[in-house]
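To start, I am sharing the structure in question, which I have written as structure tokens.
Note that the chains take the letters A, B, C and D in the order they are written out, and that residue 1 is the start of every chain.
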Amino acid sequence: MTGETGATASEPAGADDLVEFAWTDEHADLRQAVRRLMATRAPLDRARAVADSGERHDADLWRTMAEQLGLQGLAVPEEHGGFGGTLVDVALVAEEMGTVLHGGPFLPTAVLAPAVLVPLAEHDGEAAALLGRIAAGATTVAVAVAEGRHAWAPGLVTTRATGAPGSERLTGRKDLVLDGADADEVLVLATTDSGPAWFRLDTTDGPRRERCATLDLTRPAATLHLDDVPARRLGGPDTDGAAVADRAALVASVVLAAEQVGGAAEVVRRTAEYVTTRRQFGRPVGSFQGVKHRLADAAVRAEMARSAAYWAAFQRPGTDDFELGALVARSHCSEAFLQTAKDGIQLHGGIGFTWEHDMHLFLRRARLDATLLGDAAAARERLLAHALPDLAPSATEVA
Amino acid sequence: MTGETGATASEPAGADDLVEFAWTDEHADLRQAVRRLMATRAPLDRARAVADSGERHDADLWRTMAEQLGLQGLAVPEEHGGFGGTLVDVALVAEEMGTVLHGGPFLPTAVLAPAVLVPLAEHDGEAAALLGRIAAGATTVAVAVAEGRHAWAPGLVTTRATGAPGSERLTGRKDLVLDGADADEVLVLATTDSGPAWFRLDTTDGPRRERCATLDLTRPAATLHLDDVPARRLGGPDTDGAAVADRAALVASVVLAAEQVGGAAEVVRRTAEYVTTRRQFGRPVGSFQGVKHRLADAAVRAEMARSAAYWAAFQRPGTDDFELGALVARSHCSEAFLQTAKDGIQLHGGIGFTWEHDMHLFLRRARLDATLLGDAAAARERLLAHALPDLAPSATEVA
Amino acid sequence: MPVDLSPDATEAEAYAAADAWVREHLPADVLKAALGAEWPEVAAFVADPERSTPWFAALGDAGLSSPTWPCEHGGLGLSAASAGAVTEAVTQYRVGRTMADFVGLALAGPTIIAHGTAAQKERFLGPLARGEHRWCQLFSEPGAGSDLAGLSTRAEQQADGTWVVNGQKVWSSFAHLSDFGLLMARTDPSLPKHRGITYFLVDMTTPGVEARPLRQMTGHAEFNEVFLTEVELPADAVLGELNGGWAVAITTLMQERNGLTGRPAVGDGKADELLRRAHGNGSLEEPVLRDRLLRMLVEERALQMTTLRAYAEAGRGAAGAEGSVRKLVNAQLEEEAGALAAEVDPLTALSWPAGGAVPAPVEEFLAMKTTSIAGGTSEIQRNIIAERLLGLPKDPDPEKDKPFSERPRTS
Amino acid sequence: MPVDLSPDATEAEAYAAADAWVREHLPADVLKAALGAEWPEVAAFVADPERSTPWFAALGDAGLSSPTWPCEHGGLGLSAASAGAVTEAVTQYRVGRTMADFVGLALAGPTIIAHGTAAQKERFLGPLARGEHRWCQLFSEPGAGSDLAGLSTRAEQQADGTWVVNGQKVWSSFAHLSDFGLLMARTDPSLPKHRGITYFLVDMTTPGVEARPLRQMTGHAEFNEVFLTEVELPADAVLGELNGGWAVAITTLMQERNGLTGRPAVGDGKADELLRRAHGNGSLEEPVLRDRLLRMLVEERALQMTTLRAYAEAGRGAAGAEGSVRKLVNAQLEEEAGALAAEVDPLTALSWPAGGAVPAPVEEFLAMKTTSIAGGTSEIQRNIIAERLLGLPKDPDPEKDKPFSERPRTS
């Protein structure tokens, strides 16, 4: 009998500072409401149908989400007209949406954009106003960071801002901009003489928004060709755009981790159902250890992913523990969802790699989620400073 | 149906240049002779008994190996009094010895030392004479390279030679010197003003040879404390000691890979036997896929390891293909044997991690073999130059 | 005298009461050492029977070693959550009962509470709570490893109602130091294997009981083989129903898997320790090794988070297979930690001064497989997870319903 | 007219004769292109039926497309080794028969040689050698994936000896382009599942045979579903014994696994290609990714070496499970290659200009699972390796000996 690793507290502490996993009835209600909405209005078949039809998203559902549940305003503070939900609330929504691979503008508009805009709105009425319109479900926003082979690397952005304050113009190219061809607003991270900064693109004037084919069929994306196009800088004069981008990525990592949990757990659930009914060699295939052990490992990964995603969601953004949690979640959940999606296909056998079967949609989503905010290896590298704080005193600095 | 990766030649070539895996009757005879000798005189029980007794090795067996089969002279060219066997011959012997975890002085004396001495003997009668005595079974030789946490890194050696040519003295510390406490001769790699060079230690005068406890119970080792002790430099004035060390490591890598193949295949064989007879839950445990699939994967690794070790053994030392083969073998066979040894323990269950059972002896050997000549990741890093020759024109240079 | 706490006490109340009790009753020098984090001194106190025996007796009398047990049997009748707070309050000073008492407190106690007669509870629970008896488990057998119910040890009832036991058990921790043992033996071989087993409480001083240490590949002997030769047991040694021992054993096994001891924490673990070693000797510079260490850090933190989640959610009905999830992941981490320890310090792991202490990387490397085999192999944990958490069908067992005596023998 | 070669020809003789024949008979412009490594031109020649049809006919007449077949049936009667040399001589110019002929040449031919009547050999082998008929395989069924013998397609014999077939097949490559199919159908459901199957040679133009392309997750349709509705087959469509079809199928399956096409080489492969891409876009600088790419390089080279070894040792009795070893490793490499392709070019793998060509990393990522499922899953290969190479016992199949008609239906 060996003890579980590091599982005992070494310092005296009161029992009342235990906050992680303190679920409330409100959490349960929110989850139920989103689950019901998704089940009736956006089951996985519907995501596929929307994708097949080439539609951007289901506009009616978008309105219902705003009017009945206020989901677009969940990540927007009350002071900006939102519902001021906690990160746990947003994560619960993302997990439920992940289960049915819900796509469209939700992630960019209701998760990425608020994560970027909230710190900017401290010193910028325009950003604050935009948050209000997001919360009301009145606008959609895309967030453009990725370039070349770098998905979210503020330090490597080459799109350049020129011109005097108030009349900046942007030149460069942005890739993998979710909802980038259709969103009403586009937020762009670009370099300036004083480092990276955030801009609101004038979408009426100039930017060529090239609609792309996407691996994840449920998440439309575009490439933006910015050829000296007008934009307005957001935030105060001292705003560190890279720090905002970094904080946004950490917050969004936790939400995305919850989405990955939803996807991975759903793959496990569907696969368990399949292997229980499918028979080969005179037995349900789920009775063969080759199948059961692979699926057990997948279930373990999904359980660990859930713990990691929600532990992080229960931390206070800005703390060391929050960064640790977000990075652990990004590393673990990204790889857990990807591996589970592959295993789901393998365990479905031939049917699992047909177009008509849904399994590949999870693999496609898993690949996107694993890349969008930076990869798992990069997240792990940043964890070094948490394990060895003496090694890198600037542990919380922007990478 | 997908084709096997890279499995067709793209350039016209005659069928007669196919030399790999061209087994001869002599190969079969040699293998049989060694197998018989090991079975009768050095079965695994005997290796354990020698280790338990604290003996260095079985001196009678050592004489028999020399007198009846000439094994000590197999890697020594005929011009130096050896049998001038090919690398394939030496590998076959190592594979058979690996099967029974034969240890003692064979690897340092009959493999490592000739690999170092043959190039040195081109310009050095003393090295040539030493080769003759090795071939005759008249001496044992240890080879001292490792220091600190670096097992075989000629460029990082800090043991230092001082003094005029012909009367050099060595200062430093050498770790993990196989047979280092007992060998008649010790070859040491040390730095000089003109780079690393090889020395023959004056074992009668000064060096403190500290006998060590070893993980691999069958391979005694020592730490050498060299405190300004006399030694003689070997090789010609222009001999590049690091290049000699590197070439020796490549040659020895192929032999060690064959030993790893012998060990891994024996673990698979013993485990297959066990799980076929052991019953649980009303069935032989080998009928559970959890067991079968793990053992099938181990068998696949062992088969791949055999291909890699012998493909390399069939190449001509000094060629690009030889280096490629040695590095592929070091990477693949090291990890294959380690993983297989772990799997063997797992599949034996409780009995597998008792002291009395032999499985852990394979794990101990696997760990030593994976370290002795440099680790798998370092071998892979050197392969980069083979895949991308334009990247590093000095691909065959010493790392 | 039990500490003054209602069975309905909240976690905070339970923590405060236990904390206050320990501060009041712990010998002053030990309390001072604990508050000053001078752990070697505290450990010396616990290891000294002269001093720790009365301390554990007092702790037991206060109900603090067995807070979930009924009040009438040395417990406080607390909920799992409040009991966890008690354990945590004691554990923070590192003066709670040791791992050597795990079988007694975590397994024997709850099993006796669930299945024992009034006389058995009276006889065993008080001394258990006070640390007077040490217990061991006599379940596994050489011929029945993962397949516990395939056990062959025979108990035959005599005309006078007493029993005679013959057989061999294995993997018993602390058996050579134990006063009592939890024994499963076959009492009716004509029944299918799960149905002919009876559960006994064995006095380990009974003639014919012999424990022999079993040396592991690490060189240490943490486990024992126990030989049972014509061991006579009284009629009242039976726990639970005759031939109903399997159901009793399930209680024990469930306790074994769920046995959390105090509030789990997310923080410094084995990966951190290995990262520090790698930083210390320069091997942290090797990027492939570094990423493996960081990957272990991620998995270890995720396991800690999972353990914490299980603990936090336990009040709301934890799944029985959750313990298997944690044991499986822990086994993988132990294996990776052992492998990495050797890679961080490769030469240290291969040779060291003869006669000197065996270096940590060597111990860790050789122990890497322990958790994935002992206490139920990882394969068995995967089966449990697949069958209980996911509802997958069981593997066919052709002998499940056959009389035990008709099964083919293993070699 | 067959090339002039004795069945006892050595590899070198066989190679030389085939090489000389190709140089003499290949249209001059194609030979020139091949010698100049202008492969697109050579590929255009092969893809142009106007030109390749007479070429393949000549190649077949010379015996060079089927060198192991008996001399009287369009072959040269060569050993496996010498036949390999012939194939290699042809393959070097890239003017041999294409993958679309794999089922015909590698599977149908040898199976008909082993089990066919004189009339069947006469009718099918010559055209096969000359490239006049394309063949497909009709084995797999939706309800019987890995468990091939669990097939449900029924063939009922009529009073006049002809057969009527009903059922559905799946995973048939090139079925929509094939002239003939290799069909397994159940002819006696009262027998245990392996014993009530008969093997048929089916003219794909028979009314009631309908092939529909089956779209994979890649978006491509490389496979077909084949619906068989009241398909009437003549009595002489049976290959081998009535209800003895499983033994015939084993011949086909063994050929499928052993189907080496020419001498394997150790060299440039997919890992090298990925390393070049990573070097090109800078991702080679990421050490963890680089090591994974190099690890794939090692495994790919080791597989090439294993394939070469199997080829070199084949004359001395290759184990039947060797093909499974290679297929399993190849599947793992394909999966890793697909995963790595996306990691080397992460954004390219996620979005690309609408309407443009799908980038290679996307194709590779989506195809990663193909080999580990198609043609026998990796789980089945592991079973084969464990049972045939290592001699481990088979999994219990409770229905193995039951009449097929009494088995529970899968959903």
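As a convention for this text, contacts are C-beta pairs under 8 Å (C-beta built on N, C-alpha and C of every residue); 3 or more make two chains touch, one makes a residue touch a chain.
Note that the structure is predicted; figures quoted are calculated from it, not measured.
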Pair joined by the larger number of C-beta contacts - B-C, A-C: A-C
In terms of mean CA position, the chain most removed from chain A is B
Whole-Å gap between the CA centroids of chain B and chain C: 43
How big is the gap, in whole Å, between where the Cα atoms of chain B centre and where those of chain D centre? 40
Separation of mean Cα positions, chain B and chain A [Å, integer]: 50
On chain C, where are the residues touching two or more other chains? 288, 291, 370, 374, 379, 382-383, 395-396, 398
Which residue numbers or ranges of chain B touch two or more of the other chains? 283, 288-293, 377
In the complex, chain C touches chain D at residues 287-288, 291, 396, 398
Touching chain B in the complex: which residues of chain C? 140, 142, 144-147, 150, 170-171, 214-217, 219, 281-283, 286, 288-289, 335, 339, 342-343, 345-356, 358, 362, 365-366, 368-370, 372-374, 377-379, 382-383, 395, 397-400, 402, 407-411
Chain B residues touching chain A - in the complex, by the definition given at the top: 288-293
Looking at the complex, which residues from chain A come into contact with chain C? 1-16, 18, 20-23, 268, 272, 275-276, 283-284, 286-289, 291-293, 295-297, 299-300, 303-308, 310-311, 321, 324, 328, 331-332, 377, 380-381, 383-384, 387-388, 391
Interface with chain D, chain A side, in the complex: residues 146, 148-151, 175-176, 210-216, 221-223, 277-283, 285, 288, 290-291, 338, 342, 345-346, 349-357, 359-360, 363, 367-368, 371, 375, 377
